[in-house]
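Take a look at the structures below.
Below, chain A partners chain B and then partners chain C, in two separate complexes.
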Partner chain A sequence: MKTTFKASFAALAAAATMAGSNASAELTGDLKIFLDTSNPAPRATMEAMIGRFQAEHPDLNIETTVIDREAYKTQIRNFLTADAPDVATWYAANRMRPYVEAGLFEDVSDLWMEPAIADNLGSTKGAMTIDGKQWGVPYTYYQWGVYYRKDIFGELGLSEPATWEDELANCEKIVASGRACYTIGSKFLWTAGGWFDYINLRTNGYDFHMDMAAGNVAWTDDRVKATFANWRQLIDMGGFVANHQTYSWQEALPFMVNGEAAAYLMGNFAVAPLREAGLSDDQLDFYQFPVINPDVPLAEDAPTDTFHIPANAANKEAAREFLRFVVSSNEQTEINNGSNLGQLPINASASIDDDKFLDQGFAMLSSNSPGGVAQFFDRDFPAEMAAEAMQGFQEFMVFPDNLDDILNRLEKVRARVYQ
Partner chain B sequence: MAVTDTSPPARSWYKRNEIAVTPWLFLAPAILFFLVYVLVPIYQSFSISLYNWDGLGEARYVGLENYVELFDDSAFEVSLWNNLKWLLLYLLAIPAGLFIALFLNQTVAGIRMYKSLFFFPFVISQVVVGLVFSWFYLPNEGLLNNIVTFFGFDPINVLGDPALATYGIIIAGLWPQTAYCMILYLTGLNAVDPEQVEAARLDGAKGWKMLWYVIIPQLKPATFIAFVVTIIGALRSFDLISIMTNGGPFGQTRVLSFYMFEKALSEYGFRMGYGAAIAVVLFLIMLCFIAYFLFSMWREEKEGR
Partner chain C sequence: MFPRPIQTQPRAAQLTYSAVLPIALTLWLLPLIAVAIFSVKPAVDFTQGNYWGMPSSFEGLTNYGQVFFDSDMPRYLLNSVLITVPTVIGAVALSCMAGFALGIYKFRANLVIFFMFVAGNFVPFQILMVPVRDLTLDLGLYNTKTGLVLFHIAFQTGFCTLFMRNFIRALPFALIEAARVEGVAEWRIFWYVVLPLMKPAIAALSVLIFTFIWNDYFWAVVLTQGPESQPVTAGITSFNAQFRAAYHMMSAGSIVAALPPVAMFFAMQKHFIAGLTLGAVK
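Moving on to the complex of A and B:
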């Protein structure tokens, strides 16, 4: 291992001095990259980044395929087995487990031992690790939290709530003013998963939440019921917009823009459309989800998006070089800045763009999340459990009285999924 | 060698068996494709339904376990009932199509344009129909609720209410399906024998009696086709559900085909065995209808001889 590294280093150095060009310009052949970044801004960012990689390796024939983000989630199974690219995007944690277990992702632990990665990517190493090995590299992550209308809070004389009592008191005043506290569109279910994550993380804590994800806690457990009881307080006071089961998360944005709802529990990706809809930074602000149980340390959701090398890739050498390139601090600073992805860089020595939401998010995740950082409900829980549970959450938000029935159903699914 | 052969020169094997072989040669492409794309997949579905398989790793044989689980699965039960609702209510497209066809079967200026306007919903994609109807049903800004509130009623969220959502989708599906049945009947009405109508009129038949005893019996072929396409349409109702509610709210608008897709092929699915078991149940239901259709066609052909 060490000798090959030395040998290739020597070769690189030789190439660099002889050609006077970039050290690794010797990469040749084809590099097939599959991306799920189909939204316009991320797509442009990725294409620009690949363009810079191409400029460093002019002899490499790079072929990029961008697949619709939703379609990608099912197509990945086919292309990993049949016609594998050299690099593919995906998600961290449990979401990559099926492919790791089927032997379809390349073990890239060797990359994680290189100092450039080992020293700078420590915070996300856990999310990339299964069975003690790393299976890919992250390229971006983003905070979740409450995005709210500062002007409405000002009008009603409210301040950012720090505790659950503050939160409920705030919500009461917002509802009294004829608005909903929160907008949400639960048609595609996962938004309700975010609510469960936060209330459960605040009620029972990160370790309990992860224990649940691992299938060690019954859904009918009293501690889980406590989570739902807290959630129900908001539902019963009319805290959520009506008919949310009919809307997607984008269709729920206008409620906030029009001032019919005061806040949105969302990922940082909601900021761009809210700004585009005309909300200025004076009207829009962010706060960390309030404390419910002061005895559990604060924990956050911060989903991580990743790059992987399929086990059947043809040009793994170039693929590894590409992963090194993606996580380098320069690229991380560039692709995560406000005019590109507008998210948080995963490289500790990268700099964060001057954006009030990114700054707050970074501060929150790096210093005010002692409990841990979860990925997201449908990435931490196994797919089947997540699908059933999120459907149950949606039902609970519409018919809170069905809770016992829902929990019994989920308990049955748990017994099967984790056998 | 020396024997002189008096018989005609030996014919090739093909020439000797031409009569017997030719029909099979003509059938061969159809048989091949039917085998590869229909029979083998049916067999495969049956066999996969006996396994527990995520589509990637090892398949594990579990016998009838998937079916046992199906009978205990409330989501499956909901889907089955919804399929029944679809089957029964979708049949409304047949009488509706018939009456529109009767209404349009006249010669006035611009009738061709009216006919094409009525046929229009069948031409546009199901996806567009689904989108249009989901906007129509929108809880606050939708046209339906504007009408409902104009008359002083409370607004309703059709697609968000588990009791109404399936009916809302079926109504959306009936719109193009009625147009389809209408076209079938319009063609059928062209073939109605004017002499019989004349004779019936002389005997004093008119109105409903004329329709029931003279016109409808002559439309029997059209009715049969309309019945077949409507039943198949109802069992295939997938795109509308996917577009309008995505199976929700909380899975109350799923039908078997959608549930199969969710379990086997969607983002959180990949229980291939379970999905295959659902597909087998759906296939058995379809088989009842297919058997009936084949039987009635066979009977008709026998009568025709």
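Moving on to the complex of A and C:
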């Protein structure tokens, strides 16, 4: 009897300490944060956010390191094993899989059980889950879709297409006017991955797409070929700008700015440079990628950026508190607003900034994406498969007749990658 | 002798030469000219596709102002100095001594040791990437300027020793013998006889090593991360945004980063050319 009492008392005391540490707690020691948000605006946003966290925990010695986004991708392997920070940014879904499997990320499923997170972060939970556990928290995501020149559509008497037939009819008229329907710069391959994602999601649906990502579908499958057949319709009518394999995504922007192409399938980050280049909101608009197969529910790409705790972190208690802080609805509202990241908050109870494109994106992702939310081709598919496949997509866009060769090649890669 | 001076060529050849030279020079400098022009363009020019035309507005002051006052560039530049200068001093000092030993003393392993220094130069340094990274990690020198400096000294000493040993070999041995007859201690011979004669070699080598180390990118990326330790070559990419490359800022940053070695070259041109030929001819 006595021992039971003792045990329960101990449990109570432990619970009390834990509750205390969760609420406001004096966090002490060092907190090393590594960020890949290296461009000025996101960097300032993150530093301001960390400043607010510091104000709440004055005894904590926070040390922030910002690393160039591209350099970060190669350095992360290094620092997770060598000189691990307490918190590090990264990406959701398959992109975090190598580090999860190597045991370099901390399991934070405990955070996801807490009501504040469990109730508000449902939309991204799937993307953070591997083997039934959660390995980090998201802090922002953004929509993909078609950004188009409203003035050119107006001039040609076109409206936003809702179906693939509308899309093809529109494109025919745009091509007849001497323009390309879409600009794209496929030099760095991933832009072509976006096209595959959308045409495959619309032709075969989200579940099929994820099944493919998991390696359960042959590249030579007829359903995959149907995706490419749809894609080819646009290629054959001259829907894409010529020589796109020589441009980066940024170098493909001038075609749209100068009116040589009418639209761009891209992430919301394309809006800022397009506005800077002088396109007003009257000239620029957004629509959801049109329906191809009405039988599959609509699904979207919405790449999610994340925070993780390295398994070798020294101050995991403070790191957990920082993660709670990042996903709280106040911080989510603040860091994702137009003057900061200009993206979508991942917390359902956060409020969204008044921006034409963010509004449309938020509405699309929250109410018109019943099929699911994919991350992006190179985040959903394993790195090796994605690299080969995107090479194949680019080749297909330039030489559509090579399709059978490409698919056979990818099928061999699939056999090797997934074992 | 090749090449023959242009003055001795026939008139036609001279005319062709003076006509073609400016064209070749411009073509050769085109990438640099492009970078220079990019560095005064506004960001908008790149989204509007105005790559090669006149800048739509002159943003030289803004861009360079941002490089110096609103970025980590000054810190990266300082890191570069703090990495390059100790490396030059360390590598040159060590190689002077090693060169003296290998050039003056006759002992059995002399040639073997010398060949080891030479052979080190033929190791493609990329294959050392993983072991060196692990080594710096184990020594606790990962992501420190000290680690980078120590590695550079170790790696550059091979080439420097080859250079110095050959230079010292070319000195008249009678000088050393004369000093020995006078009963001068060996270290005094090194300090008072050989070292003053090595001044041109030291100058040439310093300039050469300075440019090598300043321009190093590979080890900077492998052994360091972040503005507290990375040199400027690795720091330039920090202008790149999450989604966008800031061509104008990177161009301005590159020009600033390239200035010290270029200035060094013009100031020490004579030594630089001497340095390139000195080691090679012997």
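Points to keep in mind about this one:
In the analysis below, the second predicted complex is superposed on the first by the 395 of 419 C-alpha atoms of A that agree within 3 Å, B and C clash if a C-alpha of one lies under 4 Å from a C-alpha of the other, contacts with A are read in each partner's own complex, and residues count from 1 in each chain.
Here is the rule we go by: a contact is a pair of C-beta atoms (placed from the backbone, for glycine too) under 8 Å apart; a residue touches a chain by one contact, two chains touch by 3 or more.
All of these numbers come straight from a predicted model, not from anything done at the bench.
In the superposition on chain A, A:130 contacts neither chain B nor chain C. Contacts of A:117 after superposition on the shared chain: neither chain B nor chain C is touched. By the document's definition of touching, both partners, chain B and chain C, reach A:70. Judged by the touch definition given at the top, the superposed model places A:108 against neither chain B nor chain C.
Contacts of A:246 after superposition on the shared chain: chain B is touched, whereas chain C is not.
In the superposition on chain A, A:394 makes contact with chain B only, while chain C stays out of contact range. Applying the stated contact rule after C-alpha superposition, one finds that A:378 touches chain B and leaves chain C untouched.
Put simply, chain A uses residues 70, 74 to touch chain B in one complex and chain C in the other. Interface of chain B with chain A (complex): residues 54-57, 69, 74, 138-140, 157, 159-160, 245-246, 248-251, 262, 265-271.
Chain contact summary for the complex, chain A toward chain B: residues 70, 73-74, 77, 81, 98-99, 101-102, 104, 187-189, 242-243, 245-246, 378, 383-384, 386-387, 391-392, 394-395, 398, 409, 416.
Residues 43-44, 46-50, 133, 137, 142-143, 221, 225-228, 234, 237-238, 240-246 of chain C are the ones touching chain A in the complex. Residues 36-40, 42, 65-71, 74-75, 78-79, 82-83, 248-251, 253-255, 257-258, 267, 269, 273-274, 276-278 of chain A are the ones touching chain C in the complex.
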